[in-house]
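The chains carry the letters A, B, C, D, E and F, assigned in the order they are written, with residues numbered from 1 in each.
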């Protein structure tokens, strides 16, 4: 019986060491991750009871992914084992002007091939307070989208709060497909997380382009995007992540939150990046943690942004930071001094 | 324009370092291989002009596999690039009583999805003397089996010698499917390579079980198997590899050859194994090299067995031995002294 | 609520890569282990509900050890966190005539410093069927020995079966200390595991030395040792592991079991060793698994010996073999053939 | 039959991992490279037919260098094998205020010892359009300088365009030796690549020192240098690379080109450096690619500079970037966003 | 017979590779270090005769630490071998907003347990000119503090110059304990090195807080701190290191020196950090080198700061830079150009 | 002032990891070694005062080799630094039927180019008891051979015992050259170490070939060889190492010694080899240690053979075993049990 249920795929991630490209690599570092699994792991690291719902193949790769979730404290009792592959993704770390590249190799994965009725949501949600998914899950196929919809309706029925990170992936579906499916799902969503590209690609909500091109953030434009999302779907809370990518090595990172009480913009961090994959997921988890713990929106936002910042200084998809470390950063110590 | 054309898949091979199991691995060594690609690479290493015919995806994994063939001198001008994944296989190295385990992850590969008419065999075979494939290629699907048959009929028409290693894989097709397809293909085959399990699984030719259970080889039983294969299909030459597996670390290894002139059994090597995958392919390549170079059958057999032996002392699928090293072993120096 | 409760320390294990000695090493492979933790991990791998009882420091090393148990499915809800270090041990892998060397660096560990009353055994044992510890635990100090005795008396009171692996370590205590403490504890033990050195060092029960010096096993001598142990303490079952060490690379390995019905000697395996540490623990876990699953003593013994054999082909303390793999070996397939 | 012929040495490059210094290293990463080989590899990566002309020893190091060229698609049919060593260079990666250091260990290399008449230039140039070399090649000895001169005269005679990167190396020859030899060779050169140090060291053409000391580029001074080079030798095109080195970690990077139509200065990139070795070679290859593909000088320059920039974000001597990646950067997207 | 004697602990340092956190690490890089050992190693690298005084256990870890000192030229003839552990410390490298973290695991080390009378200072100091220690040594226990005091009084008596780096570590002792012990020791100290935190924590000398918070250095405040230290204890020279930590990746670094002739502030370096541990020790060693070589205070200061800067671009505790490299940087070339 | 002086080259040794071949390697493990340096290091490990005499280049490779000697306690005060390269050798580890291969790359090394008068032998030998060299040193050139002869005559004059390991290397000189030079040098040699190939190649002393081909050792033949060596040159002691190479993985290893009192054959060890390079050097060092410590010839021989055996279980050229470990093996415990 967990507080939070997360639903999605988890993949083997293969990355060449250091800054090598795949065509020069003679080995890969192996970790595990995926947008929703990253959120679940963060929440478990933070000490919340969280269950991950997915399907994994019955082979040693499925075992390894299963164990990795368990290792970091994620509940695995709702994971179904069965046919299909373990999805894989290859990630080349970029540097400076060379962007990171990601190659998804998830065709035919056990999760992608899972039937809509694989999971018993009423049983899974018993005793839980929150359900989280991202736009990647329904993008994987009609079966999975249906399972997602079943989860949403059951969650609503059972009184769970539902959160969704739009996470549009153009390689998985078209904007039209996304809009249709996500529009339906978003009727059940209480807390929506997005960036300006998601807002545009999924819902056609355009953030004023001047904001993107100018050197500094045009916060008003982003606030408009948040408000439009709120108005369109009645989300209780809308969070927008703001990444300014100067290069693959240096990004600025902040977020804003529109909630029932107001609209806040967090501190902005200048990050010298170790691994930016999972930064948005760490933000989402941090925000959810704050909200679940009853923090004020402003504080939950700062906690989320600090969590997302720290993630990007850590190798792998998972944010292996502690609540104390995140709080310390959120409260202002970004000096990176040695802790001894 | 190459002497020898080989047709099959090439996969990314991922192996945990040392003797780690996949569930404890935090990295994988990355090499490339596949039964037919292993043969092609050996032949190129031996200095023969050889072309590999396959289909690879248009992404950095496809590039990496392409480059690896090129690196070792295999001709790549007949490789088609296009949709689908790069097949992957995971190989855990065993030791002592723990056998090596292999997990194929080739579902939806570009090669597996390739249309039968992908290749223009007349053009590919122009000027060539020999065509080689293995039973894995037709097992990948009807489309590929058809391409294989087209290759065989064209090869026959154009006067190429055709060789085939039966290589039965129960995870790819049933014995019935194998029998039907391989029976048709074998009508075009001049040189057949097999072990006793292949002979039984594909053609129902049983090697006297006493031979398998007794401590020493019952050569007569294997000779019968070779003769039956010869009689059934009219193969000009039949080679049978004989592996006695005492443990994952220690195997005995020899082979016999039935040709137009007689039936020979090679020396038997006691191998302390580094990596046994590709041993049979290295044997096949060695035998073909000997035959193409006009060696007497007895010598070609010894060259093949020594090649297969050395491969098993080398990491990865490919036999990165030189002709000189193999000749030295085939002529009797197995002392493993330092070369300085 | 678990079936089996295990009690002991878990340490960080640092091993130079490959066959390096510590004085030439520039890195260490980091795993986690300890006699009782190894048993717990095996049992969890086999699918049993098992809880590990220990104390770990509140720092990232304690977290890492905690996570490693969780990763392999061991229950961690009875682990107490608090002051002291994480115990460490350094293990140099030997080869041929050079034996492996182990340097314990557990002085001042959180577990060693834990007060006897740290754990509430009644609560921990609620619903459990079995309690397991080894002679290392009481050797760590009077406080820990007292906790062990409390656990034993509580287990007896609550009807749990108690098993103990004598595991004498001369660096931790003297033979006299061991005899006094273990004599008291053994009154609560139902299943005793030992080798002939333990029997002698702890209880002065000498196995006829001719057996040790002769090339082959003098089983009768070992049987006498088992019987004497049985008679002295009334153990229901006594298991004796028999290792014949030809070199650091090659050992023979078997065991015998005396139970209510008879006395059996298992198959003997000739092992080409990858990592022998934890072999005895894997045997213990395998035996316990068999007994808990209601196997006949003879079968439980064979399962345990096969488990111990496979462990020694795997890097690290833990036996990451599956029940199916062990059963396959126990039923006779030691050929180490590739599984594909 | 290749479009472009490049002539020079290729060495084994040994670099300690990460930021280690050689005196603390217990391993070296092994790659292969050299100024001209780096150009050839880039051109092959871009899809041009290119042949590398060199001499390599007949041992496994020579084989490895040969294979590495082949791996990345460089033509190897004009490589001669024979006596001497494989040249080696050791490269310590610098960081911040600690510059990278390079130790050449090429004494007695097969290439350095090769006789002037080793290659048949008429045969090598048959069908080719372009010949490229750098100032390192003639600096290796009179024999090699003579071969280079033979190549130049033959190229001129056969109508090939000739390009040269001055690449002055003070450890290989004196300024006087360089001036004498390069003056003779440059009479055959159509496209000259240099930086301001080369211009001064080889030809005594001084770039106004104010430009070097001031915080910003004094482009006029560099333009004068380009014009003087053009006037002195009648080069059709002169390219000057402009590196502003703030530290070993951060450089600014641009170039200017003087051609028949005008004088252009490229965009300037602020690079957070992964490995700066080979940046100039990647620029040269990019420029040549642009010119061979018939781009306008301005575009060829931008392509070259972007290529040089991306190289410096990649480990090893070779620029393993694709034409598409370089074009994307040259056309303005330097944000380093994740490609997914 | 050495010029300089240094006294303190040396520990095994274990760091996860790259930017991994300990809880995700499967290996550790192993080096050796400690504040005083780092100074000794630098001095030996600079060519001075230096002896390290410590106690190491009689096991392979003690051997390894002993060898590492010897490797870099430190005299080891005054090292005593005996009981206790080798101290260990775990260091996680931080990045950007995530600070590095250090976990000391030195409880029960041989050095910490050494009796005050372990060393014969008269014999050790025979012929020496200088004695150096840091505030960490007396913090390890009363026995060690007593040994330190004995060393100081003997050094004074024998005419050695004594230097001390305050190096306050709050995990080792309280401010009160430090003040009492260091006040006594500092009466024997000629050259004092500190940063503003040490000055405050040990002696309650507060540096004006505006200086710390403002973007730029308030040098006057630091100068006051130096003067107060000088006045309180009569130090002949006081050096204050000034680190401005923008993030774990980027620091500014300078120092000031108050000596008999005046008060100087060095150049300030903007460092992109590879490994900041040992930067202060490298500064101390550089300063001592300058003073021992008779440099003017201003030059000794610049040498020390440049040494400290270069250290932070090198992995591990030790500053493996040469005098020539440091001089080059101190004299102004911070461009990080390739040395070839 | 050392007891033993050793004279020879020390090289950087580069080995691909595990069982990789050089043509597949993307990294090399870096160690340092050479026949005479290996002896010196062993002797220093055993606690003897030993100085190594060689010449090393003034660059970071020379520094690294210098430091490595110092690390293991070898005296370095007689090492001259100057022009030329550091010699390198590449070593591929073999396995089973694939022998290890060694590629020497020592052309133009500082040692090889050193003038005969580089060293002042009278000064070097002052206070020493023993001088050791091997046949590799004079094989490097006339200059080095002359230095060796100077050393021998000075040693004789100053009363040092002289030992020599014949160590014939056919890649360095012809049998004729070796015979001429070694005949002259051996007049000064008291203790000669050889194997049967050295005896034949250098001095034409043939060991009865039946001995080599038969399965078991024909000791009498080897004894004849020892006696002939003794008679020809008047060596006080002659040691012959006997290696029976079944494969690259498995060798038998023993030695015999002819001294003033008799002729002894040691125990024979069956070694499962980790790294056989340096086995003979470790034997020589063990024998010398025994003789220097005044052991009986029989015991010195057993110590040497056990030392050589243990070396072959350790990675790298150096025998990092302790006297205690060697004594334990020499006295009969070859079981390879875990030391804990």
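Just so we're on the same page, contacts are C-beta pairs under 8 Å (C-beta built on N, C-alpha and C of every residue); 3 or more make two chains touch, one makes a residue touch a chain.
It should be emphasised that the depicted structure is a prediction, and the values quoted were computed from it without experimental measurement.
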item	value
Centroid comparison with chain A (C-alpha atoms), farthest chain	F
Chain located farthest away, centre of chain D as origin (C-alpha)	C
Interface with more contacting C-beta pairs, comparing B-D to A-E	A-E
Where chain B and chain F are represented by their mean Cα positions, the distance between them in whole Å	44
Distance between the centres, which are taken as Cα means, of chain E and chain B, whole angstrom	62
Contacts with 2+ other chains: residues of chain D	18, 21, 23, 26, 67, 101
Interfacial residue positions of chain E with respect to chain D in the complex	18, 269-275, 306, 309-310, 312-316, 318, 320-321, 325, 329, 334-340
Of all residues in chain A, those that touch chain D in their complex	18-21, 23-24, 94-102, 104, 169, 171, 245-250, 276-277
Chain E residues touching chain C - in the complex, by the definition given at the top	14, 17, 21-23, 25-31, 59-61, 63-64, 67, 85-86, 88, 90, 92, 101, 103, 105, 107-108
Residues of chain B defined as touching chain D within the complex	67-68, 70-73
